[in-house]
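Take this structure, written in structure tokens, and hold onto it; I'll ask about it next.
A, B, C, D and E are the chain letters, set down in written order, and residue numbers restart from 1 in every chain.
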Amino acid sequence: MIVNKAIYREGRREDIDGDISDAVDAARDQGRCFVWIGMHEPTAEEFALVSDELMLHPLAVEDAVHAHQRPKLERYDDTLFVVLKTLEYRDATSDIEVGEIMLFVGADFVVSVRHGTANPLAPVRRRLDSDGELMGFGPTSVLYAVLDEVVDHYGQVAHEVEVDIIELERGVFAPEGPDVIADIYSLKREVLEFRSAEDPLIPVLQEIVRGKFPECRGTLEYFRDVLDHLLRVDQQVDAHNELLTSVLSAHLALLGKQQNEDMRKISSWAAIIAVPTAIAGIYGMNFDHMPELKWRIGYPLVICVMVSACILVYRRLRKSGWL
Amino acid sequence: MIVNKAIYREGRREDIDGDISDAVDAARDQGRCFVWIGMHEPTAEEFALVSDELMLHPLAVEDAVHAHQRPKLERYDDTLFVVLKTLEYRDATSDIEVGEIMLFVGADFVVSVRHGTANPLAPVRRRLDSDGELMGFGPTSVLYAVLDEVVDHYGQVAHEVEVDIIELERGVFAPEGPDVIADIYSLKREVLEFRSAEDPLIPVLQEIVRGKFPECRGTLEYFRDVLDHLLRVDQQVDAHNELLTSVLSAHLALLGKQQNEDMRKISSWAAIIAVPTAIAGIYGMNFDHMPELKWRIGYPLVICVMVSACILVYRRLRKSGWL
Amino acid sequence: MIVNKAIYREGRREDIDGDISDAVDAARDQGRCFVWIGMHEPTAEEFALVSDELMLHPLAVEDAVHAHQRPKLERYDDTLFVVLKTLEYRDATSDIEVGEIMLFVGADFVVSVRHGTANPLAPVRRRLDSDGELMGFGPTSVLYAVLDEVVDHYGQVAHEVEVDIIELERGVFAPEGPDVIADIYSLKREVLEFRSAEDPLIPVLQEIVRGKFPECRGTLEYFRDVLDHLLRVDQQVDAHNELLTSVLSAHLALLGKQQNEDMRKISSWAAIIAVPTAIAGIYGMNFDHMPELKWRIGYPLVICVMVSACILVYRRLRKSGWL
Amino acid sequence: MIVNKAIYREGRREDIDGDISDAVDAARDQGRCFVWIGMHEPTAEEFALVSDELMLHPLAVEDAVHAHQRPKLERYDDTLFVVLKTLEYRDATSDIEVGEIMLFVGADFVVSVRHGTANPLAPVRRRLDSDGELMGFGPTSVLYAVLDEVVDHYGQVAHEVEVDIIELERGVFAPEGPDVIADIYSLKREVLEFRSAEDPLIPVLQEIVRGKFPECRGTLEYFRDVLDHLLRVDQQVDAHNELLTSVLSAHLALLGKQQNEDMRKISSWAAIIAVPTAIAGIYGMNFDHMPELKWRIGYPLVICVMVSACILVYRRLRKSGWL
Amino acid sequence: MIVNKAIYREGRREDIDGDISDAVDAARDQGRCFVWIGMHEPTAEEFALVSDELMLHPLAVEDAVHAHQRPKLERYDDTLFVVLKTLEYRDATSDIEVGEIMLFVGADFVVSVRHGTANPLAPVRRRLDSDGELMGFGPTSVLYAVLDEVVDHYGQVAHEVEVDIIELERGVFAPEGPDVIADIYSLKREVLEFRSAEDPLIPVLQEIVRGKFPECRGTLEYFRDVLDHLLRVDQQVDAHNELLTSVLSAHLALLGKQQNEDMRKISSWAAIIAVPTAIAGIYGMNFDHMPELKWRIGYPLVICVMVSACILVYRRLRKSGWL
């Protein structure tokens, strides 16, 4: 579905009402202006209308329609083809939802294809509308603005993950905290997915910054800024991954410690109750000649002994830290 | 065994009835056409017929007959020799079966040698038959089509592994789930085997994409596309490997937690039953002077005390989460 | 907030009273002198006054105001922009506090921006005041002196971490030591944060030492010295990280060993007390014909048997190391 | 000890009876032929006879006599000095025995020095005797043939290790299998030793294949073939290493699971026997007024209650999977 | 403290009695001879005497006085500055003591500075005295000889560590072996320290061998030999590190196994003693009508039943491997 079509003329945007091909032709004739066509999960047929007009490469077209690509930047003749993963943090479930954005960046056009619910293009459009200078760099400015927006959002998601980890830590180190093993594991999974979204983007941006793509050379400093933010996110994601492994190890150690303490507590109580039971057993024997049984104070005495023994054992265990 | 021999003339296929050498000579004379000979687990003798005719290098011939090679691409004079691992997922056993395909790609011939049951060449032939343009690139198009098919199939196998992992996760985190340790381990083994099949292919494709092999230069974009899919598979396999390690750790932690809970439950019941036993022991003593024993309500009273004590202990343990 | 403004003229410092722009113009005219403006957590407005005057790049300005950047060195036209993390060890909590310093280093000015409480710039100023020769290298000498001070401080923090680890080790290997799992984990977290502060600085210094920045070429040996200290810190941090993983593993193993020993001790005492209980049970049976019950020495005999049995069991368990 | 001396003239071998120096001089004069001297653990004196004659470099000579070198290839003037580790799998103990072969390869001589019991040179000699064409490449052909033989043998040892791992897996996953922890560890040790033998050989062969040594350029394809087999072995060794870590983790998890099941089983039986004990305790009390004690059917009734209670508890535990 | 000063003239050594500066001037005039000044933990003042005379770079001087540097090789004008870590194995405590040696290598002088107790320079001097040829390479020969001695000693320390590991393995796998967890951990620490001493030396030697320092070019083969030994040590240290991790894992698994076996043994004995206790409890009940109590053979019969039951249970448990 085409969700957006506009022509950007000297930094100002005008919606295209009529045919795309007319607009593109017009853009080509005038120079210094370009067309941006935005699509959302287009079918092969819908996309064919656009790709035929702009003569996009069939391999790139196939990728754009089917999605599930790896983040990458490829040149097909005069067109750059970029694939990005968008991440969206869902508060309710602590899940990270992965979407995709593909961009075809030509000399006088940009085609954007979105898959999934995330829509980072709206803020991009607002920014471009308000920043005429940036817009002056032509289609490359769209590429920059989308990358900047997507990577900035990575930073926010990384922050949410950080918050989740701190939550987990609190659970792990609280006495009788909630059961967090499944949460640790599922966050680990999210972090791995996060990494598979952002990691392949690093070499892409490094190539741009090294000046491999002539169309980006005028805005190198901007792309370097994005790369820098991406590297920061990447470092955070690696640290999160390592932290989650550590937190699970710490949890394992705490469980072991807990179990040992429980065992000691249980055994202590068992020891305390075993003493009167053993004494009672002795005076429950049926020997004819057990003088204590005849004593008047025999019974209260033995009760006293039992209680004293219990208290004694209790105190010793308390002192040795078992209770 | 020769399972297939055909001559591809200007994108159209014709079966070869007669002698191979005649067909190859004919192909050489006409130009723009090539011969494809397909073999399945040939004996040294069967293969000698073909290799002598096409003057294949003895080291490559030995590799092709004995199989169990590492994925690689090597040049011997004018011939490229490619070894690929094919993977086949067996639903019944969740096993991954490994086969091998070797390709000799010369200027006017292709020799393919299959080992194992997997047969990715059938769909390759269908695709080539229907795509005359691709066929126009000559023998290189066969190389591309086989690589594309094999790597695509890697993607499907990776998906099956993903499904298996999700199944395992469900087992691990379900209360009283099935015993999954052996399954985790055997999947880990499969993943390592998977990696040893796909990982060495990456530098091979990178060399092609960097333009090291002149015969592939016309179709670089196609090979780049295959490389891209392969990198995606590689990333998935790495993630699977890491996930399986994590899932085993999580399982270990859950076992520890489970054991601790079981121990607490067991100890709780032991404590509950220890109370009446101790009381009964006391009133089983044979002292002459135990006034309670004479009381009429002694017996019902002590039963009441026992029951109350049990309930009391039960409630406390319930509250502290041990029961 | 501007906390410091001075002009360094031939190695001597003079405070600037008047307008910054006048001072910068004066510095430009005279040559061989430069202005240093120091700021602490400036607002965007405060910073605009300086950045407009010195024509700093807007991307760098944004980074300087918002902080939370990755350590880096970037060139914007004639200005170097450096971001450093400062670390401060808090004795009370064993926490490492992270701050940030940004430097804009131009031909005739230095702008420093501090975020956080750490203030390494005071000793830097003292050192520069007393070392005229170093000062002769111009603004680059400030860059060197700040890097040297910050990296030296890393070394001190690494030493504090080392001390903390030794403390932890003592806790882990002491019998009945304190609970250190949470401490190990939180130190691990600190170490990861440490690494994310110092690690990205290594390539920055390597680029300087390789001579990528012409303005630093006169002082290469000084920067090489800083790099060397940084590499030493980096190695220490890596070793700390690995040690903390090992110490947790060792703790886990010790817990397992402890638990086993506790279980043996508990079971031993249970065995010792089970013997008299069983004997008492036997003589508590109500058979009419149990000759021992009639014996005069029956009762003292059975008590002797009980005690002897207890001693016997105790000795055997002692010998086998269970008690 | 000199165990072998021969002159290879145009692919045919002749034993040398007389003096080595005469033979070497003869070889030098005739061209296209070379001398091969084979030694086994020579003393410094024995070796001096040869090394003085051929003017071998003293550092290489020292290495050759003392053994315990790292696999390497070094050039000393016109002589290549190669160190290889030989591996021998001992079936009886599942041990891998490490030996060493050093080769001095000059323009018209080869000196081989063996340490340890492994003797891969015998098959090498047979192969060279029967393959005149290979022999035509001169001393380099000996280098190739030895490398090929040694690396091929690595492959066989890797296969034996694979078999041992499968054996271990069977032990780990069999219920009540043998104790395999020590075996896993000692195999891990063997694998590490294996890796330290084969891993340093990879860069050696890569240098040869990249054409760094002019004397090997005529046989590059042969060395590439050896490198290929070596890379395959290397990959297998890495996989074995990873598998052994996994198998130990799996074993640990299984032990935990086993322990939990045992604990449940033990507790279940304790619970079953605790019920009649408690009931018996109650009716062992000495209250005067316990009406049930007077009933004729009291005793059989209470026995029935006991048995029923046991059966009830047994069934419940069975159902919940504890028994 | 200056512990040694000598002039080496054409490979022969003469002690310097008088002033250092005279000796250095003499060496400069004569050519082909050089001065070696050896110091041990000099104070800044002591060192200033030497460094002023030879015009050593202040940064290097600071490093030499304060020690605790990273192993490195740096050029300051015409002087090479080398920092090495010396390792000393203490048999009594199995500790590795770390010292430091710094060398200033100029065209006609060598200054060596030792920190710590290790003294590898004495054997170096003996070797140089006896090897006039080596000495002919001038100050570089001292650099080589010190590196060779230090790295050789690394090899001996690595061997001691190997011996310690084998000792630990014996402890781990012996039934009821000593407690080795603290030993494993402390050896791990030693190995990490070892690595931080030898690992940074590798790139230093690789740079020398690649010919980066013209003064070492005449003796490249000697330095290559040292590098080779260093790589061997590095590989051993890595293997030791990995082995220690494995041995701790194996120990953990053995502890788990041991605990399970202990638990089974304990439970078995508890089961055996529970049977007579339960039977005794039944015949301790006070029912009026318990016919067995009246039987003459009641008591011996029930004792027989108890003993038989115990034997029966014992046998079953024995058979199932629990006892």
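General observations
By our rule, a contact is a pair of C-beta atoms (placed from the backbone, for glycine too) under 8 Å apart; a residue touches a chain by one contact, two chains touch by 3 or more.
Keep in mind that what you see is a predicted model, and the values were worked out from it rather than measured.
Chains that touch both chain A and chain C: there are none. The best fit of Cα atoms from chain A onto chain D calls for a rotation angle of 145°, in steps of 5. The distance from the centre of chain A to the centre of chain B, with each centre set as the mean of the Cα atoms, comes to 25 Å.
Residue positions of chain E touching 2 or more other chains, listed in rising order: 249, 252, 256, 259, 263, 270, 277, 281, 284-286, 290. If the chains shown are joined wherever they touch, the resulting network closes on itself as one ring, and no chain has more or fewer than two partners. Starting at chain D and stepping first to chain E, the chains sit round the ring in this order: D, E, C, A, B.
Residues 57, 59, 63, 69-70, 72, 74, 76, 176, 179, 181-182, 184-185, 188-189, 192-193, 196, 200, 245, 248-249, 251-252, 255-256, 258-259, 262-263, 266, 269-270, 273, 276-277, 280-281, 283-286, 290, 292-296, 298-299, 302-303, 306 of chain E touch chain C in their complex.
If you check the complex, the residues on chain E that touch chain D are 169, 173, 221-222, 224-225, 228, 231-232, 235-236, 239, 242-243, 246-247, 249-250, 252-254, 256-257, 259-260, 263-264, 267, 270-271, 274-275, 277-278, 281-282, 284-290, 321.
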